[in-house]
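The structure under discussion appears below in the form of structure tokens.
Chain nomenclature is as follows: A, B, C and D, assigned in order of appearance, with residue numbering initiated at 1 for each chain independently.
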């Protein structure tokens, strides 16, 4: 187990830098986790640690109930939500949480982002949905994420008055979903400021989504 | 005293770089100060010096009446406001002032930022309030800051037509409050551009605030 | 052929960094291509490769039907559109595609950007037009680009619900057009948020365009 | 003369990097010039040269009619406007031109920026005024700048449908005015998006302006 966990800690530590690069986080907010392949474990950011100070060694290991298994720090205060997602969605290998600006602005109004961009059809296969208002501290956030995502193709959900949770087959895929979520949240917001974006027909959304999920990129490197 | 002051000058000098990193300041605007523990003194940015040129040696020391005690430069033109806060609020260890864009935009309308984000409930425990219009040069700004903050949980106040003052137990905590103030000012502004953000119930705000102030982060490193 | 292609790969690889620098792309979206002088070939970004990982060696060579001629990676999924432009417009030496935020926001509303800035008259000689909605995978996008650009002076077109395609005598000129397109898309958007920008008379647009195309810059280095 | 000109070229070359740092320019747009002390000469950016490629040696020297006196490149296409300002305003030691986003958005509507921020009272002493629409190529732009600035305290003018020209006692002071102009253009724009900023009384504007011009900063380093 040790070498696989060590490698995953390095990957997840490096992916946190992508949240900073794409301006998705301020101060210590936001976190990335990754499931340990073949184990009932995941690695996650420690709570309240600065992005500058993150090292692979500071990333902590938790079990799927969110209990700390290995590490010198307390796990992220969002650990229970990540754990719930890993328990409920076995195909998920990575989870990301941010308060990215434009996505959180939609979330504060409790409004889903309509699919009016071909890039959004590609990545999200339709709207980015809104999950319920939920307090931190129990399974309410995790339940809200899972219940909302199960009814949609979207790998990202806007939790009302809160922010974004995104999922993926890997931690990197979940980070990509968080980056693209903010990107389309921003573009659709700006488009709506001066009028109404044109809708894309459902059949075209379906065709774009199918093609992107099956053809885009290098066969082995998605 | 010397080694404690030297260390604080280094800390406060480095914290000014966070104002630049988070895009809270333009040219020489903005400043950070920190109270010297156990002394009636604080250190603060010199007036009109470029952020690139700041060194720990250029940071000046003032007494709690704002008089220069040590340093080769004139202290920040906002020194009187910082001094007033330190005199009136003994628990304050750091003060920050910025003209950060979105917060100043709310300030120019004289409008408090409503608490419609869970991150805002965490950090500010409610709205970010507005203080009075006040001219620089006497104690009016300091009085306005203190009178406004005393009625709120928020560690930040929007001074009308002016900008932000934030406080904290340390200079670092005050910088965090300034960073998060701009972050929520931006998100709530953007949310409001396309409709009305959903309110968060007062009981939920209270519960989020209590939890965050007591549980978040590593026990010893807040 | 080899040394000319190698040099072009280096140029096109370096130009991708300009898309990142000017914030025109997120994750792996966007691409630059350049026609090989004197050959029925062009070089283009590989599909789904991160901007950090792009090297001159990873840039691929295609023929004007979009078939891969040289390279270890699959070509960009937008290759067919680039190929169509090179076939139809022999004077074009470079093509760029982005989903840059403000331009895509106009594209999502299917709205041309009106020419209300002298810099826009200089570069675009009038409005930046909108092309049709078109699905990826055949020649529809390429046809839409060419049909729209042939009726305008503008080297950039907003493809409806999609993003920007820009052209130029060289790959560098096409990148410049993509950068300036986002710049004016942003400024005109922001101007329109608070009222109606003043029109520029057609005769003045003509005079600015003529001057800029013939006089600006160093005679040999356009 | 030579060493003074060489030093000024270095200063003006370095100041161009500030336009990039503060995001005031795209591609090769924008320029800074500085008057040679005691001579009827000024130095200015060459036309159409990339900011990355600027060196002190590439900065050119012109006389006050805008004729090239020394340098390997053609001078900026805005040279005539700079020259007119130097001829008409003997106290001006530096001129800056940008198409910075928010200021140009006000300029496209032909609308002055109202003085609703204390920082704006400090720097501009009132509104930032609008100058006439003018075509490039003769003295029209220069005349418009001078006629507008002579009626205002502001060191910056918004040229209609065009962009910003700013002046100062030195090239550095003119760059500061360009940076602060965009900063307040942005904040006042954002404030106005959600309502009407509160006015500042004229007497308070006067008092802030007088104080800032006379007291702020280190006595010798303005």
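Note that in this section a contact is a pair of C-beta atoms (placed from the backbone, for glycine too) under 8 Å apart; a residue touches a chain by one contact, two chains touch by 3 or more.
According to UniProt, the chain labels map to these proteins: A, B, C, D = L-ribulose-5-phosphate 4-epimerase.
Everything quoted here is computed from the prediction, not taken from an experiment.
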Supply the minimal count of touching-chain steps required to go from subunit A to subunit D.
-> 2
Of all other chains, the one whose Cα centre sits farthest from subunit C | B
If you fit subunit A onto subunit B using only Cα atoms, how far does it have to rotate, to the nearest 5°?
-> 90
Please compute the C-alpha centroid of subunit A, do the same for subunit C, then give the distance between them in whole Å.
-> 31
Subunit B and subunit C, separation of their C-alpha mean positions in angstrom | 44
In subunit A, the residues touching two or more other chains are 193
Given the complex, residues on subunit C that touch subunit A span 26-29, 46-49, 73-74, 77, 99, 101-102, 104-106, 108-111, 133, 135-137, 160-163, 189, 192-193
Considering the complex alone, what residue numbers of subunit C touch subunit D?
-> 22, 116-119, 176, 179-180, 183, 186-188, 190-191, 193-198, 200, 204, 207-208, 211, 215-219, 221-222
